[in-house]
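The structures considered in this document are given below.
Next come two complexes, and both contain subunit A; in the first it sits with subunit B, in the second with subunit C.
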Partner chain A sequence: MSTFWRSHRYWIAPTLFIMPGALLFGVVIILASVETIWISFFDWDGVGAKQWVGLANYAQLLDDSQFYVSLKNNLIWLAMFMLAPPLGLALALLLNQPIRGMRVVKSLFFVPLVLASVTVGVVFTWVYDPTFGLLSLIFSSFGSTAPALLSDEHLVTFAVVVAALWPQVAFCLVLFLAGLNNLSEDLIGAGRVDGARGWPMLIHVILPQLREVSFIALAVTVIGALRSFDMVAVMTSGGPFGSSTVLAYQMYEQSIFSYRFGYGAAITTVLFVIMAVFIAWYLRTLLRPEREGI
Partner chain B sequence: MYPRPLADDAPVRRFAYASMVVLILALWLVPLMAVMTTSLRSFEEVMAGNYWGWPKSFNFIENYMAVFTQTAMARYFLNSLIVTLPSVVGVLVLSTLTGYVLSRYRFRGANLMFALFVGGNFLPAQIMMIPVRDLMVSIGLYDTYYALIVFHVAFQTGFATLFMRNFIAALPDELFQAARAEGASPWQTLRHVVLPLIRPALAALAILTFTFVWNDYFWAIVLTQSDAVKPVTAGLNNLRGEWVSAWNLVAAATILVAIPPVVMFFLMQRHFIAGLTVGAVKG
Partner chain C sequence: MASNDIIKLVTRAPASRRQFLIGAGTALAGMTLGAPAIAQSKELTIISNIGNASQREVLQRIASAYEKESGVKVAINNMDHEAHKTAIRSYLVVGAPDICFWFSGNRMKAFVKRELFDDISDLFERENYKSVLGPAAGAVTVDGRQYGLPLGGLLWGLFYRKDVFAEKGWTPPKTMQQLLSLGEQAKSAGMIPVSMGTKEMWPAAGWFDHMNLRINGLDKHMALMDGKMSYTDPTMLPVFDKWAELINAGLFSPNGTSFGWEQAAAALAQKKAAMMDLAGFIKYGFPQDQQDQIAFAPFPEIVQGMARYEDFALNSIHVPKNAKNKENARDFLAFFYKPDNLSAFLETESAVPPRNDCPPSKDPLVNAAVESLKTVEGSAQYYDRDTDPDMAQEGLKGFQEFMAKPDRRDQILERLETTRKRIFKA
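Presenting the complex of A and B:
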C-alpha cells in the first residue's frame, strides 16, 4: 500500500486536492445551469410531474409582450451602463493627483462599490421620492414639480439604471486608478517631449496602455448590466405594470410567483445565450496570454 | 505620472483643484450622507418631510436602539454573520486547493476546468436558481443557514480559483523545484511552501468574499423564508415594507447593513483593491 501510494501520489494528491472545489462548483453551478436549459423544454409547476413540451415555451416567449419589455429594458441597461467606463476613467484622471488627503478622498469615492445593492436601492428610492426626495427639492427650487420617476412607466428603467450606475462607476474608477498607476513613465515622457498634451496625449499615449484595464472594465460592465436583478427587485418589483422588468426579474417572477418553472427556465436560457457571447469573449481574452506562453 | 501633477509652486491652483475634488466628492456621496443624517432624525421630523436638511435633533441612541429592540434587525444581522463567516473560510480552503493544482500541475482538461470556474462565475444567477432551490429542498437544507453557505462557497470558489491560481502561478518556480528535490510530498509543498507565501492573497480573498456574500440579495430571497435565517439584505427589504413611514428607523437599518463591508473595506483597502483588479493589471 505504502509503495503504491508513493509511486502514485504525484497524481493522487492533486486529484484529491481539486476534488472538493471542482465537485461542488461542478454540481451546484455548472450542472444546475445545464439542468435549467433542460427544464426549459418542459411544462412544470415546480411540484408535480414535468411534461415535455419541446420548444413550446420558446414559441410562447415570442408572443409574450412582457418578454419584449424585458428585452428592451435589458438593452436600455446595457446602453446606459456603457457610460460607466468613461465616467470611471474621467474620475480616475481627476483623482490621480499627488495632493495631500487624496488617498482618503479616493477611498470615499470607492464606498458605493462595497454597499449592498439593497442599500443602493433604498438610498435612491429616497432620492427619487416625489414629495420629499432630493430630486423634488431640486425641481421645486426651480419652481417646478419633479416627475415621480419610479411610478412613470417611461422613465422608471432609466431611474433604476442611474442608481445602479453609482456603484458601477466606482468599480470602473478602481480599475482605471490601478491602470493609471501602472503607466510607463518612459512613454509618457516621450509623448511630452514630442509635444503631446491634452486629448492627443490621452488618446494616443495613455489609452493604448490602459487597453487591458479598459477591456476588463467594459466586460464587467456589460455582464453586470445583463445580470441586473437586485435593483429592479428592490426599487420597483418590476413595476409599474411590469414596465421595468428585465429578463432576470421576469424569470424570477414567472417561477417563484406564477409557478411556471419551465417558462422561467426558457427566459433565463435566452438571457444565458445572450450573455454567453460576452462571457466567451471575456474568457478568450482573459486566457489568451497564457496560451501564447507569456 | 498622468495627468501631469499640479505644480508645487502654484498653491492657488492646487487649492482650487482640491476644492473642486471635495465638491464633487460631496455630490457623489450626498445620497449616502442623507441616509446617515436621516438615521439620526426624530420621527416627527421625518413626518414633517425633512430628509435632506440638517437634523433638528440627534437621536442616535434612540433610533439605533429601536432598530435593535423593535425590529428583527439584530436577528438578521446575526444570521448574516452566521452565513458569511463560514462561507469565507470554505472559499479560502477550497480555492487554495484548486488554485494550487491548477497552477502547478499540468493535466488534460485543466484549461477547460479553469475556464468553467471563471465563466461559471459570470453566469446570471437565475440560470441556476430552479435546480439549486430544488436541490436544497430535496436534501432538507432549504430555509437553513446551510443552504446559503453551500451555495455561496460553491459560487465564490469560481472567482477565488481564478485569483488563487494566478497568485500561485506567479510564485518563483525555484521554490517548487527545491521542494521536489527535497522529496516533499504535494501536501508538504502546499503546507510549507505555498501557504506561508499566499497570506496576502488569502487576505484579499477573505475581504472580497465577505463583501460579496454579505451583500447578496438574490439567494437570500430564493433560499430562505423565515426570519430565523434571513440575512440582513432580505431583512432590510422586509423592514422597508413594514415600517413605511418610519424612515429614520429604516435609514438606521440601512446604515447597519452597510457598516460591516464598509469597515472591512477601510481596514483592508489595499487588499480589497488588489483583489478587485486581479487580471486587470499584470503582476
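Presenting the complex of A and C:
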C-alpha cells in the first residue's frame, strides 16, 4: 500500500485535488454549454416535447430586427466598457498617495464594488428619473428640463452603461491599486537615478510593471461587458420597446417570457461564439508566458 | 499563473488552510444540526404570488384556522408576483407544491394542455360549485372539466378622484369627444389627463383592449387573441388611428416608459393626474385614508351602439398534477372557498367575488364593479392573459412602442403580424 502510494502519489494527489473542481466545471459549464447548443436546434417551450427544427432558429435570428438591436447594444457596451481600465488606472494613481485620510477616500471609491449590481441599477434609475431624479434636479437648477434618459431609445443604452461603468471602474481601480503596491522599488529608484520623473516615469517604468494587471483588468472588463444582463434587467427590462436589450437579456426574455427555449439557446450560442473569441485570446496570452517560462 | 496573481493581488496574503478547515467544519455542523429532525406526518404546501401584505395576512389566517380544524400543517411560501410567473413553470414539473396561485383562462389552459394542473371536477361536483359560480366557472373549464377555482375578478376601467372631479366640476367621460375635452380641461389645470406608466409594458395593452372592444367588439377581439385574425386587417386601423389621436392630443403621461403603474397610480393619488386605466387594485397606490376618494367609470363609448364589452380578469387557484397531497389540497380549497373566507381574502384587493353567495361587500370599489358588471354583455380577460404568451410579449412591446412613437404604426403592425404567423402557424 505504502509503496503503491509512494510510486503513484505524483499523479494521485493532484488528480484528487483537481477532481471536485473539474467535476463541477464539467457539469455546470461544459455539460450545460453543450446541452444549450443542442437545444438550439429544437423548437421547445421548456416544458413539453422538443421538436427538431435544425437550423431554423438561426435562420429566424438573421431575420429578427431585435437581434441586431441587441448585437449593436452589446458592441456599445463593449466599446464604452473599454473606458473602465484607463479610468481605474487614473483613479488608482490619484489615490495611491501617502496622504492622511486617503484610506477613507479610497474606501469611498470601493463602495460600488460592495453594492449588489441590482442596488446600483435601482439607484441609477432614481438618478435618471425625469420627475424626481437627481439629474432632473440638476437640470432644473439651470432652468432646463432633463432628458428622460431611460425613455429615449437612442440614449437608453448609454445611460445603462454609465451606471454599469461605476462598479466596473471601481473594480479596475482595486486591481491597479494592488498592482501599484507591488511595484519594484529598485526599478523606480533606478529610474529616478536616471532622471525619470512624471510622464516618462509613468510610461517607461510604472506601466510596464503593471502589464499583467492591465491584462487582467482588460479581460475582466471585456467579459463583464459581454455578459451584461442584470443592469439591463433592473433598469429598463430591455425597454423602451426593446431598444436597450442585449443578447443575454434577449435570451432570457425569449426563453422565460415567450417560452421559446430553442430560440433563446440559439441566441446564447451566438453570444458564446463571440465570447469564445475573447476567451481564446485571453487563454493564448495567459499561456504564452507560462510556456516560455518552462 | 495570472489567476494566481489575481488572488495574490487582491488578498495579498494566502488564506490560512487551517482557518478554512475550521470554517468549513462549522458550516457542515451547522447544516446537519439545522435540518429538522422530526418529519411532519401531514403537511400541505402552498406557493402564493400575493404581493399585498394584508392579503397575505388573510391567507395566513385562513391557513391557521384550517390547521386547527384539520390537524394538517400548512406551509405558505410567498413569492414575488413577477418572479412567480417564471418560477411556476419549473416547479410544476419538479418540486410541485400542493396548491398554487395562477390566472384563469388561456394562461391556465397552457398548463392544462401540458398536464400540469390536476382535474378538480370532483371537487366541483362535491361542493356543488357550478350552482354558485355562474359564468366564472367557464374561466377554469377546459373541455368540460374544471382545473382550478376562480378567485377575484378585476374589472378594468377608468379611475378618478371624487374630490378632484367635484372641485373642478368635471364628469367622467362617456364618449371619445368628452374624453378629449376633459383632457383639454385637465391640461389647462396643469394635470396629466390620463396617468400611464408603461415600464412594465402591460398597461398599454389594457388601453388597446378597451379601444378594440369599443370599436370592433368582442368577437373580433377574441379572434385576434386566438390568432385567427390578422394584425394588418383593415379593421385594426381605426383602433390605432383613434389611439394616435389621443396620444397626439397629449392625453397620456409624458415619458411614460420611464415608470411603472405604481408611480402612475401615485400621480393620480397626488392629484397630478385626472384619471387612470386600471382595476380595483389601484387602491394600493393610495394612502389608506384617501382610498374612499377613488371612483370608477367605464371606458367611454367609441362606436355608437356597440354593446358593452370589458376586460374582466379572473385570478385562480390550482392543484398541480404533481402535488403530493391532492386529497388535503382539495379539503383546503373547500375550506378556503367558503363564502366568508373567500370574501375576506378578496376584500383586500377590491376584487369581485366569483361566488354569488358571498356576503355583500362593504368596499365601494367592489360594489361599483359589481354594479357596472350588470350592463356588461361579454368579457375578455386582458391582452396578455387572452393571447399566447409569446404573442403577448411582442404585442406588449409593440403597444409600448406605439404609445411613444405613434407614427411607427405600420411597422409595428407588420412586426406583430409576422409574430402572429409564426406562433399560430397561420
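Note that the second predicted complex is superposed on the first by the 258 of 294 C-alpha atoms of A that agree within 3 Å, B and C clash if a C-alpha of one lies under 4 Å from a C-alpha of the other, contacts with A are read in each partner's own complex, and residues count from 1 in each chain.
Quick note on the criterion: a residue touches a chain if its C-beta (ideal position, glycine included) is under 8 Å from a C-beta of that chain, and two chains touch if they have at least 3 such contacts.
Model, not experiment: these values are computed from the prediction.
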Touched partner set for A:S237, first subunit B, second subunit C, both or neither
second
Does subunit B (first) or subunit C (second) touch A:F261, or do both, or does neither?
first
On subunit A, which partner's contacts cover more residues, subunit B's or subunit C's?
B
Can A:L150 be said to touch subunit B (first), subunit C (second), both, or neither?
second
Contact-wise, after the overlay, does A:I76 reach subunit B, subunit C, both or neither (first, second, both, neither)?
neither
In the overlaid three-chain picture, which partner chain does A:V47 touch, first (subunit B) or second (subunit C), both, or neither?
second
For A:E35, decide between first (touching subunit B), second (touching subunit C), both and neither.
first
Once chain A of both complexes is superposed, is A:V174 in touch with subunit B (first), subunit C (second), both, or neither?
both
Going by the contact rule set out at the top, does A:A56 touch subunit B (first), subunit C (second), both, or neither?
neither
Considering only the touch criterion stated at the top, classify A:A196 as touching first (subunit B), second (subunit C), both, or neither.
neither
Following superposition on chain A, which residues of subunit A contact subunit B and also contact subunit C?
46, 129, 131, 174-175, 178-179, 181-182, 212-213, 216, 256, 286
In the complex, go through subunit C and note every residue touching subunit A.
1-2, 5-6, 9-10, 12, 86, 89, 92-93, 114, 116, 198-201, 254-259, 389-390, 393-394, 397-398, 400-401, 404, 415, 422
Contact set on subunit B toward subunit A in their complex
1-6, 14, 17-18, 21-22, 24-25, 28-32, 34-35, 38, 49-52, 94-95, 97-98, 100-102, 105, 107, 111, 113-120, 122-132, 134-135, 150-151, 153-155, 157-158, 161, 185-187, 190, 211, 214-218, 221-222, 232-234, 236-237, 240, 247, 250, 254, 257-258, 261-262, 264-266, 269, 272-273, 276-277, 279-282
Tell me, which parts of subunit A touch subunit B in their complex?
9-11, 13-14, 17-18, 20-22, 24-33, 35-37, 39, 46, 93-99, 101-102, 105, 107-112, 114-119, 122-124, 126-127, 129, 131-134, 137, 166, 171, 174-175, 178-183, 185, 188, 192, 201, 205-206, 212-213, 216-217, 223, 226-227, 229-230, 233-234, 247-248, 251-252, 255-256, 261, 264-265, 267-269, 271-272, 275, 278-280, 282-283, 286-287
Where on subunit A does subunit C make contact in their complex?
46-48, 60, 65, 128-131, 148, 150-151, 153, 174-175, 178-179, 181-182, 212-213, 215-216, 236-237, 239-242, 253, 256-260, 286, 289-290, 293
